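To start, I am sharing the structure in question, which I have written as structure tokens.
Letters A, B, C, D, E and F mark the chains in the order given here, with residues in each chain numbered from 1 onward.
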Amino acid sequence: MAEFTHFNEEGRAKMVDVSDKKETVRTAIASSSITVNKEIYDQITNNTIKKGDVLAVAQVAGIMACKKTADIIPMCHPIPLTGVNITFRWERENENYRLIILASVKTKGNTGVEMEALTAASVCALTVYDMCKAVDKGMVIGKTYLVEKTGGKNGDFRRENEIL
Amino acid sequence: MAEFTHFNEEGRAKMVDVSDKKETVRTAIASSSITVNKEIYDQITNNTIKKGDVLAVAQVAGIMACKKTADIIPMCHPIPLTGVNITFRWERENENYRLIILASVKTKGNTGVEMEALTAASVCALTVYDMCKAVDKGMVIGKTYLVEKTGGKNGDFRRENEIL
Amino acid sequence: MAEFTHFNEEGRAKMVDVSDKKETVRTAIASSSITVNKEIYDQITNNTIKKGDVLAVAQVAGIMACKKTADIIPMCHPIPLTGVNITFRWERENENYRLIILASVKTKGNTGVEMEALTAASVCALTVYDMCKAVDKGMVIGKTYLVEKTGGKNGDFRRENEIL
Amino acid sequence: MAEFTHFNEEGRAKMVDVSDKKETVRTAIASSSITVNKEIYDQITNNTIKKGDVLAVAQVAGIMACKKTADIIPMCHPIPLTGVNITFRWERENENYRLIILASVKTKGNTGVEMEALTAASVCALTVYDMCKAVDKGMVIGKTYLVEKTGGKNGDFRRENEIL
Amino acid sequence: MAEFTHFNEEGRAKMVDVSDKKETVRTAIASSSITVNKEIYDQITNNTIKKGDVLAVAQVAGIMACKKTADIIPMCHPIPLTGVNITFRWERENENYRLIILASVKTKGNTGVEMEALTAASVCALTVYDMCKAVDKGMVIGKTYLVEKTGGKNGDFRRENEIL
Amino acid sequence: MAEFTHFNEEGRAKMVDVSDKKETVRTAIASSSITVNKEIYDQITNNTIKKGDVLAVAQVAGIMACKKTADIIPMCHPIPLTGVNITFRWERENENYRLIILASVKTKGNTGVEMEALTAASVCALTVYDMCKAVDKGMVIGKTYLVEKTGGKNGDFRRENEIL
């Protein structure tokens, strides 16, 4: 019975140990967006999209996905969230309209909530796409990124340059 | 006992009826991307990221999220998927590197799989972010969009212009 | 090595075989309700509840739970749903207000969707409770029952007497 | 590029911030019930229902759903539960029988467990319906409500009047 | 902008395409077991384990996990199950007792249900461990394997030799 | 209205109260294995299995299932995990090859993580089966058991004898 070398020294996948990290209040804000044509913009703001109130459904989707983050992102630690808020803002881009999504997440735990904020913002954008795709499948989900984080020993992060 | 007007005529949220749509083979391809710095690129390609083999984990995450789409996107119909494939390609962008993600999904069902493909591509990108964020939190997830779809009565969709 | 009697002849739990049942269009409608005081009624209808638009969130919750029915109800068969709709109606009950919830579910499958409709209606009522419980924990969720079902070999069901 | 007003000031949906609430032992008890005809009552108590031991399955369903509460109720905070117990009691109602369900939940966390108790009781009742619906679809799930809660800064709640 | 070679030709992970496979009735039976000491055997059969009726809970767990197979096993196709049954048999092994678990699964779909049967049997054994571990953590889950499968173009499988 | 005896004194199912248990660092290691023929061994180690990199996918599956333990095992308490690591080792068994799987789990919580470690190891083995079953359905998953645990008031556990 010959013994072979051990695996995972060479590193396939691992949920790294965070037992020594301190339980502190941590926050993160992530941003995503989706660009839609005028017809969709008009239908969203007049609430005439057949599947329902687009922004209300997208907000619920983002919050629920935020709570599922550790189930969706394989190496992400499960942490209890203490608050989630998603806000929207419209910007006009020539003949199109861009819905800007900001997801803010808060916890009292021993890892950060960057992934939770990014997942909330992404799922929110995906849900807008789903609600409106019967009108136009050409919508584009914009760049998705971390805006800021606070808490934890590695210091805060704040994006300085704007992302377009 | 006064009766009030019925709700949902004015349309809050609805999973629209697709009973009459035909069960046919349907496919969709969606694209997302993530831009990382040289250090992360080197670590991914040399497989030295502490959390594991980034692209392998991201691929599994995308496929598993694809199967959860109807659980993540509120008004999306649950449909059995018959195949999912995610491919990667690197492009250099000045001093950075962009990982381009293509998610292809196939079903034999009575609604399309656009949302499944978009969700797979998004979660794949989010997972790359998670695996590498200890190195740099400044990574940006690029635009996410439908590349093409086939099957279903509304005809095929093929994006003509490139999205940057 | 003595052999003992087999279990499950005496019947602990079983997901019964439905392979022989026909795949047909099936529908079910279930009803639930929740009685709230005037303050909550005013806040719901004026949309001033701190957690958000109560009926919009409850509707999304009901639809999403409907898709999770086979994951929540142990012996329930998983079936693809083709449509879900939830409607609301207010009734006044002396100094209180009763929100009546109707959940309609449709499928093309080989078992009925009674459980899906009942689960949607229940979760919808539970969500209203959650959204408003900071104002008053005394709200009561009313009776929950099947209103009608169609499709399947056992014939249709239609409740004749009203349930109060 | 014109900027529009921010959303979510007008309040669509929000998982409110509970970071400042104290982590204490909290309990909640909720009640639901289901009224069945004599045939079902006899089959449940003689354990001859085809799908299995109705009360055993219903109890497991209630406990498992209790752990899924934050996944089912959109704005509910995820909290670790430290104990769940579900008890049953039969009452005779003329020619029918009413199964009374009490769900008790305990946690050490910074929000209450009212929703967990209510969800456990509801899902327990729904599961009884599912196990017995082949015999009679006319069963009615009775009123569902909070019986008491303890812990947390808002004081305890104890329902004084009986709910029929 | 240099282009690099495509990935997934070299094969990381893929949910292979089964669109062309026929939708037929398919069955699978898998077996697992768990060996417990006399004290646990006595407590299970006398129903005095503190956490409840071990075999009833294990059976429900196995059936529910069976429905979650595609969510647990990454490259497994989601398929609707039409029936699941789990049976138990005790065998004596010197001073210990072995609970033999058989899980039978049936579907009408385009892939087999081997994984569903194996997952049901495994989770059933794990649940017995969980229910009894306060008495003795030394229990051992026995070998887990496919006993037989029918349906599908690759022909039937029937294990000839006994597995100890 | 006659009252009947209360249930659950006789104990169907209960998630026992752990509120009084201390929150300490706890670890558990579990082992499982799977025996495959030479063809599969060669294909795994040469990475030519059609579904992808078997060990990479199995590792991700084990880690993700570990986080789902309380959702899979009915009476298991939900606890936040702080680290999960899965390692592999091959042993030759005559003409076959045995992949030995070790799953190590860590938490800071008030119950142990034995079930999490056992679930991770089991799902890892099941995933290897799934990835390779197109080559041979005769693979056998070996014995699955707790190797050791530390932390908690009941003292540590360490298996002395080897399990074959």
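Assume a contact is a pair of C-beta atoms (placed from the backbone, for glycine too) under 8 Å apart; a residue touches a chain by one contact, two chains touch by 3 or more.
Labels paired with UniProt names: A, B, C, D, E, F = Cyclic pyranopterin monophosphate synthase.
Remember, predicted model here, so these are calculated numbers, not experimental data.
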item	value
Counterpart interface for B-F, drawn from A-F, D-E or A-D and sharing over half of its contact pairs	D-E
Taking each chain's C-alpha mean as its centre, the one farthest from chain E	A
Centre-of-Cα separation between chain E and chain C, whole angstrom	30
Intercentroid distance (Cα basis), chain F paired with chain C, Å	35
Mean-CA-position distance for chain C and chain A (Å)	30
Chain D: positions in contact with at least two other chains	12-16, 52-53, 56-57, 59-61, 64, 68, 74-75, 80
Residues of chain D that touch chain E when the two form their complex	52-53, 56-57, 59-61, 64
Residues on chain A engaged by chain B in the complex (per definition of touch)	10-16, 32, 47-53, 56-57, 60-61, 64-65, 68, 72-76, 114-115, 118-119, 122-123, 125-127, 129-131, 133, 137-146, 149, 157, 159, 163
Touch list for chain A against partner chain F, complex	1-8, 12-19, 70-71, 74-75, 77-80, 109-110
Touching residues on chain A, where the partner in the complex is chain D	25, 55-56, 59-60, 63-64, 66-68, 80-93, 106-108
